[in-house]
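Have a look at this one before I ask anything.
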Amino acid sequence: MSGAAAMQTMSPPGDAGGPRSARPVRMTPARWGLYAFLAITAAFFLLPLWVMVVTSLKTMNEIRLGAIIAPPLAPTLEAWAKAWSSACTGLACDGIRVGFWNSVKILVPSVFISILVGSMTGYALSFWRVPGANVLFTAMMIVAFIPYQVFIYPLVRVFAFIGLGQSIATIVIVHTIFGLPTMTLLFRNYFSSLPIELFKAARIDGASFYQIFFRIMMPMATPMIVVAVILQVTGIWNDFILGLVFAGRENLPMTVQLNNIVASVQGEREYNVDMAATMLTALLPLVVYFGSGRWFVRGIAAGAVKG
Amino acid sequence: MASPRMSSRASAYSALLPAFIVLAVVYIGSTVWTMWMSLTGSRMLPNNNFVGLRNYEILFSNDRWITSVHNLAFFGVLFVAISLALGFLLAVAIDQKVRSEDSWRSVYLYPYSMSFVVTGLVWQWLLNPTLGIQKLVRDMGFETFTFDWIAHAETVLYCLVIAGVWHAAGLVMAIMLAGLRGVDEDIWKAARVDGLPTWRVYASVVTPMLGASFATAGVLLSTSVVRLYDLSVAMTRGGPGIASEVPAKFVMDHLFERANISLATAAATSMLITVIAVVAPYMYWRTRVAARGRA
Amino acid sequence: MSLQSEVDIRDVSVRFGNVQVLEKLNLKIAPSEFIVLLGPSGCGKSTLLNAIAGLLDVSDGQMWIGGRNVTWEEPKDRGIAMVFQSYALYPRMSVKKNMSFGLEVAGTPRAEIEARVAEAAQMLKLTPLLERKPAALSGGQRQRVAIGRALVRKVGVYLFDEPLSNLDAQLRAELRVEIKRLHARLGATMIYVTHDQIEALTLADRIAVMQGGVIQQLAAPKDIYRRPVNRFVASFVGSPAMNFIAGRVEAGLFFHAGDYRIPLAGYAFAGAPAAGAATLGIRPEHVLAGHEAGPDAIAAKVEMVEPMGADTLIWSRLPDGASLSIRHAADAAVREGDTLPVSFPADALSVFDDTPAGARL
């Protein structure tokens, strides 16, 4: 059987009397080059993650003697334990868990409220003709590009003036404010893609503004909600500057605390603890990323629409 | 009694209320306030002593600010150019019907899911001259190998570029890949019938069609350049010396550590003007494209 | 002046994974012939066209064009050109560049390119549009550019993949005529895929009606229409569709349905007529109704009358409950509820056996 197949490969394609010709193999060198390029770039992208993981599993002694990319000889979670519960930021030595729980406290309400406000704004802008809506929308599109530094100081004063100062409530409101353009755009684009007849039919059936929103639109928008959650969870978890300014000393998020742990050198720097703390901070976004698969890409594509 | 119609409209307003408050207080109020303060003599606390453009004169004769702006321009050009090029090449490579496409894509994109603080710290560790890549290569026998860019003022910006590209090239890849996948399958068939070599189709037919993808990626990257803060803070703390200072960090330091509000707001306003100068033509182009699409 | 190539498809099979799209298909197309591949979506007609073009690999079999085995040749080397449904114009290039680009890459001399582009543009009335970008053209103009891009290749076989289906009805009719004229002028072999039976009937020298990856019938349009080989072909071609009446053939002389009989004397049976269950088919315009009806007319009950302008369509029901549509003169004074005598001329009938395929008897 396989001998016959080989024979067929041998017969030239133009051979009139010959048997059916088989598919010739194509451009292997080019394919090799392609895969080599992909592999080399993949190594560049994976190197930091690999180094981060192996370093966090080593002892300081091994780090000093061995190669940075070598796998740990005797993997130990000591650095992880120290990073979690006893690494120092300045005088306090409670580990990064403090920042972790602060981040959770910031994350949950921020994600919920920013998506609620953003989706409602997007809904109102896509189905309801309200004077000023265009101005609002254009302003949001522009603001999405403006650096935070322009807004930060006045906002600090405003929150001090209304008595919230630096607090969880403040940082939640700030995340809602700065998430508003992207969230609004995400939902507005989605709702605009729905047939307008759906909305008209609901109105003829006598549904009110909020009934249409909660009963008809939001259930249909589930895919967008997933995308929004992914965007906001990673975005808010990864935030540094807003947490630093608005959360207050007691509520600093994990990213800020991570930076403080690495910065506060007392005696020798413990790279394994640093990398364990870094890994812990990166864990949630990585889980969201690898867990959500194509949804993350969809989120980026949807978020990129603002550009 | 309000008619049902009126109540619907009132509901619509109620839903938009938060957005309108944000528009008034943040987008307009804060921006105007920041711009106004840059024209006053405010120090630790804001005041309303109008000083004209004096803060801008001080700002643009301030070494640290000038360095920050230069750094940003240098970083920005390299970062945007390399990220676009690498991201585009990766997208083209993945578009060649490669095996396990999803895995390759995940590998290139995962850094984008992580924060700049994490990115900065990991690369700081990798580029550490004593224990990082330099030591690795020296231990392999190349004892004169030098890779200590992070420790020198002339080269530290390249380190920021490496970390930045690592973080963002996957984003460009994702945007470009979406653009490539949007190209009509029949165009590829037509090109094959015409006998065009693959590279020629990319160069002459497909790449010109990706204008919108390039613009989107370019603008996203550019805005992240202007916002650059966390990466510099985490990776180099602006050092060595002021060799990797950036404008955003200048603003933050002068607001919260040096208590020089007027100088900080002058710097912030300068950043704002720069961003508007980049974004306005792009927005204009987009609305024109959208208008043409409707016509 | 122009090349004319024979196309010979020998035992071609195409599989996608486990899905068999084409199974040992044979089709021989004479030089200068206009062949239309007609069928519903998913019947394999586009797959066959793409296989001829070399845009997808055949799993088995051979493809011969112009006397050469081109089974594994690149599309550009097969002596074919192709026009796509979505036009597939290069969007950032001018009309002229769209037409000349392939030739430039192939290294054709400048003067030759100029001459060919000018000729094609003149033939397709594109000369004033040569400097425009595709975005600035109407749908009909775009498709003409796509045809022009195919023409400049000066090949023996032109492939059309549903070229008119993105156009509105009027443009479709115009371009249909233009393609027919082009074929007459070039005399090249053309293979044309469509699901539109009007296009197929008006353009083709021969139509290949496809279903389930198999050519059901390959014949001239008139034969496809008048003598469909099975119930699928009969029902797919013709609008409104052919009427089908279930019943029995009796002694090869009568078709018995319900309590009436239709004489089959004069029907050209394919083989020896045998008694048995069968289906009778007749096109609406072949039914004789009213005073045209013959002596052994059947009484049909009129249920609905649709005036169509040029003629009138009458929806009626036969005594056994079978529905019957009749195309009748526009001035017919027929109303709902009337009883209309109808008869079926034997030479216009089709009789199918009662196998699932319903082969013609």
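Here the chain labels run A, B and C in written order, and each chain numbers its own residues starting at 1.
In the analysis below, a residue touches a chain if its C-beta (ideal position, glycine included) is under 8 Å from a C-beta of that chain, and two chains touch if they have at least 3 such contacts.
Since the structure is predicted, the reported quantities are computational estimates derived from the model, not experimental observations.
The most distant chain from subunit A is C, comparing centres defined as mean Cα coordinates.
Inter-chain contacts peak for the pair A-B.
Averaging C-alpha coordinates per chain places the centre of subunit B 56 Å away from that of subunit C. Averaging C-alpha coordinates per chain places the centre of subunit A 53 Å away from that of subunit C.
Rounded to whole angstrom units, the spacing between the C-alpha centres of subunit A and subunit B is 15. In subunit A, no residue touches at least two other chains. Listing the residues of subunit B that touch subunit C in their complex gives 184, 186-187, 189-197, 200, 204-205, 208-209. Per the touch definition, subunit A reaches subunit B in the complex via residues 34-35, 37-38, 41-42, 44-49, 51-52, 55, 63-64, 67-69, 117, 120-121, 123-125, 128, 130, 132-133, 135-136, 139-155, 157-158, 176-177, 180, 184, 203, 208-210, 213, 234, 237-241, 245, 255-256, 258-259, 262-263, 271, 274-275, 278, 281-282, 285-286, 288-290, 293-294, 296-297, 300-301, 304-305, 307. Within the complex formed with subunit B, the residues of subunit C that make contact are 50, 53-55, 74-77, 80-82, 84-93, 101-102, 105-106, 146, 149, 153, 161. Across the interface of their complex, subunit A is touched by residues 4, 7-9, 11-13, 15-16, 18-20, 22-23, 25-31, 33-34, 37, 46, 86, 89-90, 93-94, 96, 98, 102, 104-119, 121-123, 125-126, 128, 131-133, 135-136, 139, 166, 169-171, 174-175, 178, 215-217, 219-220, 223, 226-227, 229-230, 233-234, 237, 247-248, 251-252, 255-256, 261, 264-265, 267-269, 271-272, 275-276, 278-279, 283 of subunit B.
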